[in-house]
Each structure stands twice: as C-alpha cells, then as structure tokens.
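Quick notes on the structure that follows.
Labels run A, B, C, D, E and F following the written order; every chain starts at residue 1.
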Amino acid sequence: MGTEFDPMRSFIYVDVIKEEYRHKLQHWLYFHHIPESISQFEPYCTKYAFYDALPVPEGGERFGTARMQITEHSWLVNIMDPALKVKTFQEYMPIEALKWQGTVPETAGDVLMSGDDARCTGGNNGCMPFVFAFCPMWWEEDVKGAGRTLTEGANYRWNFALAYPEGVSKEEGDKWLFEEVFPYFEANNCCTRILTSKVRQEINDCPMYRVVEMWFTGPTAWHHLAVETADKIKSPSWAKDGDVFPYLKSGFEIRGAFVTDYPTCDAYSQYRGYIPRR
Amino acid sequence: MGTEFDPMRSFIYVDVIKEEYRHKLQHWLYFHHIPESISQFEPYCTKYAFYDALPVPEGGERFGTARMQITEHSWLVNIMDPALKVKTFQEYMPIEALKWQGTVPETAGDVLMSGDDARCTGGNNGCMPFVFAFCPMWWEEDVKGAGRTLTEGANYRWNFALAYPEGVSKEEGDKWLFEEVFPYFEANNCCTRILTSKVRQEINDCPMYRVVEMWFTGPTAWHHLAVETADKIKSPSWAKDGDVFPYLKSGFEIRGAFVTDYPTCDAYSQYRGYIPRR
Amino acid sequence: MGTEFDPMRSFIYVDVIKEEYRHKLQHWLYFHHIPESISQFEPYCTKYAFYDALPVPEGGERFGTARMQITEHSWLVNIMDPALKVKTFQEYMPIEALKWQGTVPETAGDVLMSGDDARCTGGNNGCMPFVFAFCPMWWEEDVKGAGRTLTEGANYRWNFALAYPEGVSKEEGDKWLFEEVFPYFEANNCCTRILTSKVRQEINDCPMYRVVEMWFTGPTAWHHLAVETADKIKSPSWAKDGDVFPYLKSGFEIRGAFVTDYPTCDAYSQYRGYIPRR
Amino acid sequence: MGTEFDPMRSFIYVDVIKEEYRHKLQHWLYFHHIPESISQFEPYCTKYAFYDALPVPEGGERFGTARMQITEHSWLVNIMDPALKVKTFQEYMPIEALKWQGTVPETAGDVLMSGDDARCTGGNNGCMPFVFAFCPMWWEEDVKGAGRTLTEGANYRWNFALAYPEGVSKEEGDKWLFEEVFPYFEANNCCTRILTSKVRQEINDCPMYRVVEMWFTGPTAWHHLAVETADKIKSPSWAKDGDVFPYLKSGFEIRGAFVTDYPTCDAYSQYRGYIPRR
Amino acid sequence: MGTEFDPMRSFIYVDVIKEEYRHKLQHWLYFHHIPESISQFEPYCTKYAFYDALPVPEGGERFGTARMQITEHSWLVNIMDPALKVKTFQEYMPIEALKWQGTVPETAGDVLMSGDDARCTGGNNGCMPFVFAFCPMWWEEDVKGAGRTLTEGANYRWNFALAYPEGVSKEEGDKWLFEEVFPYFEANNCCTRILTSKVRQEINDCPMYRVVEMWFTGPTAWHHLAVETADKIKSPSWAKDGDVFPYLKSGFEIRGAFVTDYPTCDAYSQYRGYIPRR
Amino acid sequence: MGTEFDPMRSFIYVDVIKEEYRHKLQHWLYFHHIPESISQFEPYCTKYAFYDALPVPEGGERFGTARMQITEHSWLVNIMDPALKVKTFQEYMPIEALKWQGTVPETAGDVLMSGDDARCTGGNNGCMPFVFAFCPMWWEEDVKGAGRTLTEGANYRWNFALAYPEGVSKEEGDKWLFEEVFPYFEANNCCTRILTSKVRQEINDCPMYRVVEMWFTGPTAWHHLAVETADKIKSPSWAKDGDVFPYLKSGFEIRGAFVTDYPTCDAYSQYRGYIPRR
C-alpha cells in the first residue's frame, strides 16, 4: 500500500514568447499558480522556487533559451504515480498561459486544461515542448569546480536540458558531450563549474535526456566560449554541414535558461499572497 | 505639509445575515480583501487582525450582535485625512459582499463600490449601519479587572459600540452607563473585566459614540447577567414601557460581537495567500 | 532498521458539546496543543492545519456533526509505529479538554491523560468516539467534479467519516454508498464535488471505515439534498422502520463537519505563539 | 528634542549599465544591501521593496529607463534629519556597485563610500544622477483611472521622475504636463491609470521635481503612445528643433522604469538571508 | 487628544544572579513574556529584540555586568504617557522573575507585580536597580569608528549605562568621560567603535544618565584596556583612594553587558511560540 | 535508483575553546553557515536547530562539556549516501572555525576544508574529535520520566554522547550504564527524565556509541548527583585507581552539553539573514 519514497528534483524552463505577455504571465504565476500549487503539493514537495531568467545573451537564441524563469521543485515522491492521480482542485490553467509560454500556438482555441495536460503541451504541435525534467535530487556528476564556495562571488548560471537527435544513441551523444564539450569548457577559467545529471525520462516521458549546469563569470565569457570560439569544439557525428554548436535543434533538443544563484521566489518561505504595490 | 501622527485603533463589526453567505463572505475577505488591504495600508497601519464571532448566545440578538467577525486595525494616522484620498487601487468591493454583511438590502442593484463608500452603507437604507469605530489606540478607562493576567484563563469577550438615542445627551447616557450599568456588572464575579473608550466620531461621522469591552467566564454568565437578571439594572430616562436592557435599538444604537482572546487571523504575521485545503 | 516511508493524511473531527466550552477549548488548542504538537512531530509531519467547523446546518445533528473543527495532518510515517513510542514530552491533555470535546463524560474524574490515550477515548463509555482517521495522502476516488477550479467560487464542504453498522459487510455498505447515495448527489448541480478514500483502520483501530468529502453551493443545498429530499435515496438493507438517511448511528457510525476551503490555522506557516488581543 | 513624524515614500531607479554586471549587482543587493538596510532602518521604515525592471521597451532608452529595479521605501521620518546622522554601521558600498548602476564612471578609482554619499553620485561627473526621490506617502493627484481594481488584470507600469530643463519654471512645465501630456494619454484606453506627486526636493536636493506613474495594457500600447504617435503631443515651449517627446534629457531630466504590480522582493516579509540554489 | 510621535530606543540590562535560575528566567522570558509583550505593544513598538549576554570577562564584575541579556525596544511613542496607562492584560510577572534578575531580594514575599512596577524595582531595596534606559532612536554622538562596515568582522560589544555619583554634575562627569576615558580607548586599535547617547531620564526617572557602546576585537582586548592598563586613565575628581576604573558603583552607577552584533531573538520576525526540543 | 527513506536525528556538540573566539564563531555560524546549510539540505532535512550551551557547571569539565551549542538536524535520508556526494557549493569552512571549536590545533596551517572533512576532524590530532552523532529520529529508550509535560516547568538538560573505552564491549558498558548509572539517577527526584538511543555509528564512523539525555531541576542538582555524590555509583570494570565518574576520557569518550528546552535558533522558521543591531 502507498507510495514509494523517491526523492527527485525537477526543472521547468518557462519561456515568454513576447514582452507583451511577461506581466500577464507573471500575474498568472503569482496570483493563481503559486497558491494553487502550494495547496496541492506542500505535503510532499519540500522546495518550490522560481529563478527569473536573465536576458538572453547574444547568440543565446539558438540554445533554446527560455526568457521567463526556471521553476524548481524538490519532491519526496514520484508525482506521476497513479496514487496521486486524484486532485481536489484542478489548477487554473487557461490556455493563454500556455500561449504566453509558447507551448501552444497563439491561434489555438480557448480551453481550460488540466495542469498535467498543460505540462505535456508542445513538441508535436509545431511549438517547443513544455520541458518538465525530473532528475535525482542530487547532482550525479561533478565535472568541474568542486570546492567552489559562495564567497568566491556571484555566478552566471546556464542550466539546460538536452536530448540527442533521433538516431543518435545516448552513449554516442554522451561520449561527445563528456569528451569534447565538457573538456573544452573545463579548459577555460571563465567557466567555473559544470554539473550534470540524467533526466529520469520514464517519469513523464520527458523528451530531454540530460540536464547540465555550467557556471560562468558572466555573459561575456559565456558568449566567448559558447558562441564565438565554439567552433573549436569538435562537431559530433550527427552534425551536418553548416551546423554550429550546440548541434541540437533549438527548443526541441536543447532548452535552458540563464539565471543567478539567488531565487526570485522561494515559495514556501517567501510567498505571502499577491500583494501589489499601491 | 504632511499628515499628523494620530495613532488610533478601529473596530469593525462584521455581520453575516444568513448562513448561506458565510463561506462566500469568508472567501471574499481572505481571497480578495486581506491582500488588497495589506497592499494599501501596510506602511501606516501597524496591526490588522480578524476575530471570528462566536455563536450568538441566547438573547444576544437584541444587542445588535454581529455573526461574522470583528476587524481591528491599529493606525498611525487618520485614514480619513484628505492626504490619503488617492488610492492606487480601489478595493474589490462587490455589492454582494455588503448584502452578505447586511448593510445593503438584498434587493439592491449590482454595483461595484469604493471601499470608503462601502464602509458608510446602512443606517438610512433600512439596514443596520456599517460600524467602523475609531478609538484612541489605548483604552481610555479601566472600569473593572485591572491586573488580570493571561494565566487566569480564557476570556469570553463582549465588545460592542453604542450610541444613545436621539435626544439623549452623551452626559446623560454615560451617567446611566457608568452609574447603573457598569456597577451592576462589576458586582458579579463572572464579569471579569470592563474597559471603555469614546469613539472619535469626527473621523468618519461614526454613528456610535462609545466602545465597551466586557469579559465574562462564558456565555452562561453573560446570559445570566445581560438577559436573565438584567431587569435589576435601573432603566434609563429614555426607556419606554416594555423596553428591556440594553434600552438601545439593536444594530442601530448597539452593535457588537462575542469573541475570544485569540485572533483568527493576524494578517501581517499569518496571512500567506489563499491556500485552500486540497 | 528504521521506519518506513508511509505518507498519510489524517482527519480528526473535534466537537465542542456546549458553547460554554468553545473559548476554553480554543485556548487549550492554541495555547497548549499547537506548540506541543509542532515540538513533537514537525520533523515528520509535513502539514498541520485546523479548519473551524461552520455552524451545524438544520438537520445536521443526526449526521454526527462536530462543532469545533477538523484537524488535518500530513504524515511521512505511520505515527503508531513502535519506533515512535517514546515521546520526550507528554502532551498537556487535561481531561477537561476531552469533556469539552465530548469523548469523556462530564462526570469523569480528573486525570491527566497521554495524547495517545486521549485520542482513543469515547465509543465504549457512552460518548461518541474520538475519530482519528488515517487515509492515504491522496484521495483514492474521484466520484464527481474532477476539473473544478478555485476560480469557480467558494465551496461549502461536508467532510465525514463513516462505518457501516455491525453485521454489514464493507462490500454491502459500499455498494449502497456508490450505487444509491453518490448517484443521488451526483445528479444535482448544487453538489459540486465528491471524493472518498478508505480509512486505514489498521493504523489505530479506527472505528470508521471510509472518509467522504462532498461539496455544496451552501447549507441550503446541503439541507435540501441530505435532509429534505433524502427519502429519494433508496434505503439500505440494514435500515429499520422509521430510519432516515444516513441510516447510520450519529456520532458512532458517522462523524463529520462542515468547513470552508480555507484553513483557520495552517500551523507551520501561521502560528507564532498565543498572542491575544490587547 | 526628537524627530518629527513625517511619513514619506521614496523611489530609487536602479540601472545596470551592462548585462555583465546584472548578476553581480543582484548579489550585492541581496547578499549585502538588504540585510544591512534592514539592520539600519527597520524601526522607522515601514516598507522596503524591490521591483525588478522589465526589459526596456522599444524606444524606451530616451526616457532614461533604468534596467535593474525600482527600490521603494515607506518612511515614518525624514531620514536626512540631522538626528539620524550617526549610523552604527556604514553600509558596505564598494564603488563597483555604483559603476554597475552607472552613477560613477567605470574608470573611477576604487574607494568605499558611505551610503549617503553613494546616493548622491552622478549628475556632475558625466554620469546620470542617482535618483532618490522622496514623495508624500500617498499619491497627490489622481489623473486617470480612479476606481481601477486588481481584478481588472495585470498592469504594465511606467514609473518615472522628471525635472523640467533649467530655465523652465515648474508652473510652466506642469502646465504642459497637465494640459498636453496627460490629456493625450488619458484619451487612450490602453493607458489605464495616471498618478502623480511632487518630489519633496528639499529632503535631499533631489534633482527631480515630480514622480509620475502611468499604467498601460502592455509595452505595445506604451510604445504606440509614447513613441510612435507621440508627435501628437504639443511640444513644450522649451523644445528645440528635432526634439521629440518627452523633450527632456534622458537620465538627467527623466528617469524611470517599467515594472509590474508585484514586488520581486518585499524585504521585511520575504527576505530570509541569501540562500542560493544548490 | 492623542499621543505625540516620540521615537525612542530603550535598553534593559537583564541579569541572572545564579546559574540555577538561568533556564527558569529564559522560560519566563520566552514562554510568558515575549508573547504578552507583543500582544501589548506591537502596534507602537517597531522593534523588540533580545541579545544574550556573553560570559562576563575577567574583571567585568566591577562594571555592573549583567549576565542574562540586553533587551532592546524601538518605540514610536513615550510609553509612560498617561494615554497608555490602561493595559488590557497585566503582564505575568511573578516576583521570582525579579529575584532571578536580582532587583528584588531573594527573601522577599511572594506577590504578583505589574510590569511597570517590576521595571522600577531595585535601587532602594539593597538590590541593583532595574535599568530601563530610554534614549533617542538614533545614537547621538559618534566618538570613534564611523565608517566601520559589517564586512570588517565580528564585534565584541560593551553596552553600558552610567550615572555619575551623587554630587557630581553631569557636565563634570561628561568632561571626564569625553576628555579622559574616551580618548584613552580611542587611542587603541583594539577598540573599534564608540557611540553614546544621553538617557532621557525624564521618561521613567531612570537612575542612569548616559548609554555608551564600545566595540572591541574581543574580551582580551577589553580586559587589557578596561582592567589591566586602565590606571592610565586619569581618575576623576570624585575618585577616592583605592578606587579603580570605572570609579562608579557597580550595578548602581554603571550597568552593562557584553554582547555580539547578532540578536538572539528578534521577536517580531523570529518568535513563533515556545516550541521546545522533543 | 535513488536513496532510501531513512529518517534520523543527529547531534553535533560544538565547543568554543576560548572566550576570545565565541563572537567570531557565532558570526561564522550565523553569517556563513546557516544560509549555506539551508541552501544545501532544506529539501531533505526537516528540522535544523541550534541550542546554545549553558555555562559549564562546576565539575562539568571532566564530562567533555561543549561550550558553544548543540546543533540538531532531522534528516529524511542518510546524508552519507554516495548519491549525495556531489555538492553544488562547498561550505565556507575556514580552518579557524575548527580551531575555535577545538577539533584542529591552533597551530595548524591555514586551509579551506570541505564540510565533510571538517566534520571528521579531531580525535587523532590530539584534539577532541568532532562528534556528529546520528541516532534514530525518535528516542529508543525511555528510562525515566515518561509522562512529563511542558507545564511542569523548565528543564536543565544534559545531552551527551559516550563511547566505552577500547577493549570494553558495548554489552559490558551498557550493563554498567543501565544497571548502575541510570538507577542511581533515577532514584533522585531532581533528575526528572532519562532518555537514550544508540548512535548509528556506521553512518559516519562516529566514535561515539550512545546518546543520553538527562534532565535536572538545575545545575545544583546536576552537580550534586554527577559530581559530589557520584562515588555512590559503582565503578565499572574498566575503572582504574583514582578514576571518578564518568570513568570515561573527557571529550574523547564522553562529549556533551547543558542546554535548555528552547532552541536559540530554529533555522527554518527563525533565520532571516544576518541582521545585526544598529
């Protein structure tokens, strides 16, 4: 009887496709979504935080860079377990909220979706998929920068999920990632930290295979390494002529965001209702 | 230039006229009204608390007893000062919220009111007036029970505002209150505390003249004193044949509620959004 | 070694048998019980909330309706596991607190009980049993109203636990409940939601077998359905002449309360000590 | 002896001149500045909040648009009163923090400044001045949109401070603002709210004369009105050939930011230390 | 009518005369006194904090060094104003709590005192007086160390109140303090900060005349300066043969404590009830 | 895949070897360590609290009495599980912080350590070992005082970890503890409570075998029992001539602290950043 203890951390990359929608999406997130989420999962989710996306650095568009925020949860259980299927309230999830995020076409008809359905939008409707990536609660691999402390200064973090193209095995993809990509970044002091975990794709059929977090001194360093001189990274077997790093389809095979160390909203300790400025 | 320091405490007696409305009124109060109120007045209101009304004790109806709650504010300024007139947001104040409270007839047409207008409803529309009584921040007179400590047990508090009938001077009314009513209650051990302050009626043309708080051991004691044996209180000069204590028109000349010592919601420290039970 | 992960939610239906005791029981709950409870179980109980009982609607007495509150916990472990037996402090549990709740006769002698003993009072002493019902952390069955969102308005919730009479099998009882009772309520729009789970009776030998939660537009709708026209529900096999719905012994075979969506006290986020109104 | 009660609200427009500095400036603000500020002024500042700047809309550069945040305080006293001169701790204010904000040239030498000195930088060093604008605690004038409620949707707010050019009297400037500029915006439904107050320039010799807040449906509406069709606004007497709206020197005579309704950080209720994402 | 705005900070030096009483006094402070105090003064006291006393350094006894804590309040009003006389609850103030603090002889009879009376104990009963020193809300004079920031390291703070002996004028005393004592400490780098304010003795007839706060690198430095080499300080006119620094009667003319920078309990933001370790 | 549910409570006994270091160690704990710890383990540690050590009672030195604090955690998982090895940030752990605590010689060279390494210092470097004792989340054995409630008064708690000398079996040691030591304390009313659990030494190779908590009325009672009359306790088999109770090597075979019931800092609910007194 019951549900297994299965601690996980999940990442959601939330885009906003036009500036016209940013304040509306923020309103939906903070007015409707945070309190409804706390209501549902507070007893089995031990951390729930938002990290506002920094402006997309030059060249960041081709990396599937989300412009709104990363949402992070720490779960004690697998929330897709059938034991959790019945929800007292359905989340208030107007389709606009998904249009604003870009996982449903702006031309779609107006329906109210369930939260679980909303988090499976995109991918096969021409839109980028909604990426809800479940990982182990702790990073699996420490590629660079173990020992870095908070006193060493503010970090410019690039957190992204990736999937290798159809037809490329995970082994082959990872071989390129670990033997070509990571060493390239490791070799440069402006990249201070690299961490990665596999996505537990079985949880929710997540299209992404791996989450990577790399820290930089700032966007200049990121641009220099990931864009300007990225042709020094050996291209993978699947690269076609004219392809450039990251050799993945933006938004479909790579999805990420740039964030700081500090959460914009740690919901349990900081949310106290939607209290606007008078 | 500016606004004077003028610390006050105010009491609002919130009724709910039918049980059909209680959960709706609670929803309006906690979903809409608390966060909007905090947004507006947090910088100059230092305490904002709700005290749920205890069930009306037997005989309590003729004392204008409110059935929802007492709302208490502590203000640093006179909020009716013209300097405070401009409000960034108007409170969301659907007329239903006033119908539920009984200061607007249930048959009234549907309009959205400003908060200040809403807090002046009743009185001349056949409904009991909305009572928003501003008092000094500290009780003015300590009639009985100075020295009582929290360790002496839970208190059953009767907090009410009163006005003497038209044509009765405040001096005459107070003479009766202080020389007949209070001594009667003082003489009984089951009444443990009596405090009173004049209402600063000039602030908002409040119809009530005085706020009184009496504590009892419980509703049995209250009923015994205020109803059963209240004919021992000498009737005032304005009493007509058949009048009984309190000799005031229920809801118009006396408005109160029974509450405990403990707030249901101390909004600044306890409100964290409208988070329902899943 | 150790204790299993076994997430559960529990419900306690707290009655107050006389209004004379309501403020005293509230004092015990908020002055003594909340801080002592947090002290004991905060590390393994992830939510602890009180929901004040709404006034008993007309006809509600025969449904074993509690008048004080529902207490809800979310547990990570089975708190009756022998590994949890040693408690650093015993809860302060004067027998009055149980007399006020009605699970011990008012004539009982004065002893201090352990919390675990207190939560087993009633049932065989002529008093209604103390109902402490452990359920799965998530509702098991969604009978009506899946998809309802918070934006659809305030809900009038009837949460109750039931046990079928001695000699009636659970299968037989449930057949009546699912095939006669639920369809009757489902057929009416004023009942907006029905959820149910079995009680994990083995945890603490709980006398109740099932918890049900039904939502209504308000007490009028509830009364219409559950009292006025309830004779339309086919009576169960065990019904005797003159029996009426719910065909269960009030307080012994059915125990519940009417509450709103919103907690009166979410103890972890809202309790900050017993701070009375000055 | 003592300090007068003099409630005020102040606005600071915080820029970040390069994306390279955004995460560093955020670190300084949240790691160092918030706790040090709370330490100093919590007893006499009743609200302290940050509102992250939305991305600068197209055309927003010429309005002196700040890119980091608006900082808002509500004060009970004039913090420039000599009675407040002695500070137990000096704020940690490395000159980089001012370079990042653009009120000190990037080439300036490295010194530690006092907070008060830091908040007077810019203006006469070639950099835009640090704008710390003290206003009455309540908006003085309600130009458009009184009655707007929170339920009408998310607002895109443009909050700016302005000063008329040297040689232009306040009366002359205000005449243009109130008779030409405001009516132009009032006439369009996409501008939903206009509020304004004079700056209490005497407090800190603030270079700005007036604060204005206008709300729009979004950046498209703002751009349409403030940029695309702004030539419909009659130019002021001081306009020179080729000048365009707002006819003020960007950053020196107009300084503002675009923000949402919701604070990024309400420091007293939401700050709990600098706790980074692991 | 009304109370003046009169912002103040007050210091109370709380001793514990035997280790046998420390846990009892802590229990009284946190179980009874904090919540009762918040209840009374939260609307007009903007900060309420406890700073645990560090162990008395060698030689500290002759400086009237308190061993329990410093209590600090920030007030918006003069709490001794007659308008504040009526208190809804009297504080729970058993005479033991004063015996533990040493302002009432251990042999005194058992009575319950009012809080105001309790805070006037000592002085004329052979015990050290209860020192409740009201100062301006901001330090008046900055004698040494302006510009020190929090980043320069932890501070060992000596906060004390003093009064000059009977017959010594304040001018004469201050002349010695400012011209002999302070320069002596200023001359040594291990004393990093000196601040002082006059006590507003008229508020409550406080026996102390001035509060001084000096910061040191640690107790070794303090002992070196205040004890070992303190004979380098020129003795004051009132010194008698054999007198040593501070030339004041311990506990009667000087009362202080050693504390760190960080509060043990900032009551408004940190107190959440008396929740013991299980 | 994944980590087992394995709830535990751990105790750390933090010493400060000189008063010169107390304020520095407090600064490190509250400025650096608490926020870094919350950052790392909040999702899987459900309680994190500090209990300041009371002054060492007379005779307490020979019991390995720590002078700073006890740190208590409640964990949902075994934090030494390899799945938790990768840490995003390394804790800021200057070697001074360990010198201050006495687990590294003051003469040691200056290095930055990882947190895990720091928590293994001492023992074989001539210093007392860093004791980080993992126990079951609930006390295993209730030796004396079951039924004690919080209302019975403040408790003077002695919490210590012990290990029997090399060559003494756990059975032999426990036989002495349970048959000689505990009965001796049980026989005296001034010892009110005895609880004990075995340490889960396998978690981190903890040198200690058992944690014991005994409560007393105060230090006088403790001294009387544990020092003055402790020769009434039969000495164990391993005692040598001249040995006295506890017959264990101070700091190496016994390590403890005296604390009250109340936490100095319950980090999750009370920490809000390092906000010093101005």
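Assume a residue touches a chain if its C-beta (ideal position, glycine included) is under 8 Å from a C-beta of that chain, and two chains touch if they have at least 3 such contacts.
None of the values given here were measured: they were computed from a predicted structure.
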item	value
Any chain in contact with chain C as well as chain E	B, F
Minimum number of chain-to-chain contact steps, chain C to chain D	2
Chain pair among D-F, B-D or B-E whose interface repeats that of C-E, sharing over half of the contact pairs by residue number	D-F
Fitting chain B to chain D on CA atoms, where both chains share a sequence, rotation angle to nearest 5 degrees	120
Same or different residue numbers at the chain C/chain F copy interface, by half rule	different
Intercentroid distance (Cα basis), chain F paired with chain B, Å	53
Distance from chain C to chain B - Cα centre to Cα centre, in angstrom	33
Interchain centroid distance [CA atoms averaged], chain A/chain C, Å	41
Chain C: positions in contact with at least two other chains	5, 39, 42, 46, 76, 87-89, 150, 269, 271-272, 274-277
Arrangement of touching chains [line / ring / star / complete / other]	other
Listing of all chain pairs that touch each other, if any do	A-B, A-C, A-D, A-F, B-C, B-D, B-E, C-E, C-F, D-E, D-F, E-F
Partner chain E, residues of chain B touching it in the complex	5-7, 9, 46-47, 74, 76, 136-142, 146-151, 193, 195, 200, 269
Chain F residues touching chain A - in the complex, by the definition given at the top	1-5, 32, 36, 39, 42-44, 46, 76-77, 83-92, 112, 114, 268
Interfacial residue positions of chain B with respect to chain A in the complex	34-35, 38-40, 42, 87-89, 271-278
In the complex with chain B, residue positions of chain C that touch it	19-24, 26-27, 30, 49, 51-52, 54-55, 57, 72, 150, 153-157, 218-220, 259-264, 266, 269-272, 274-277
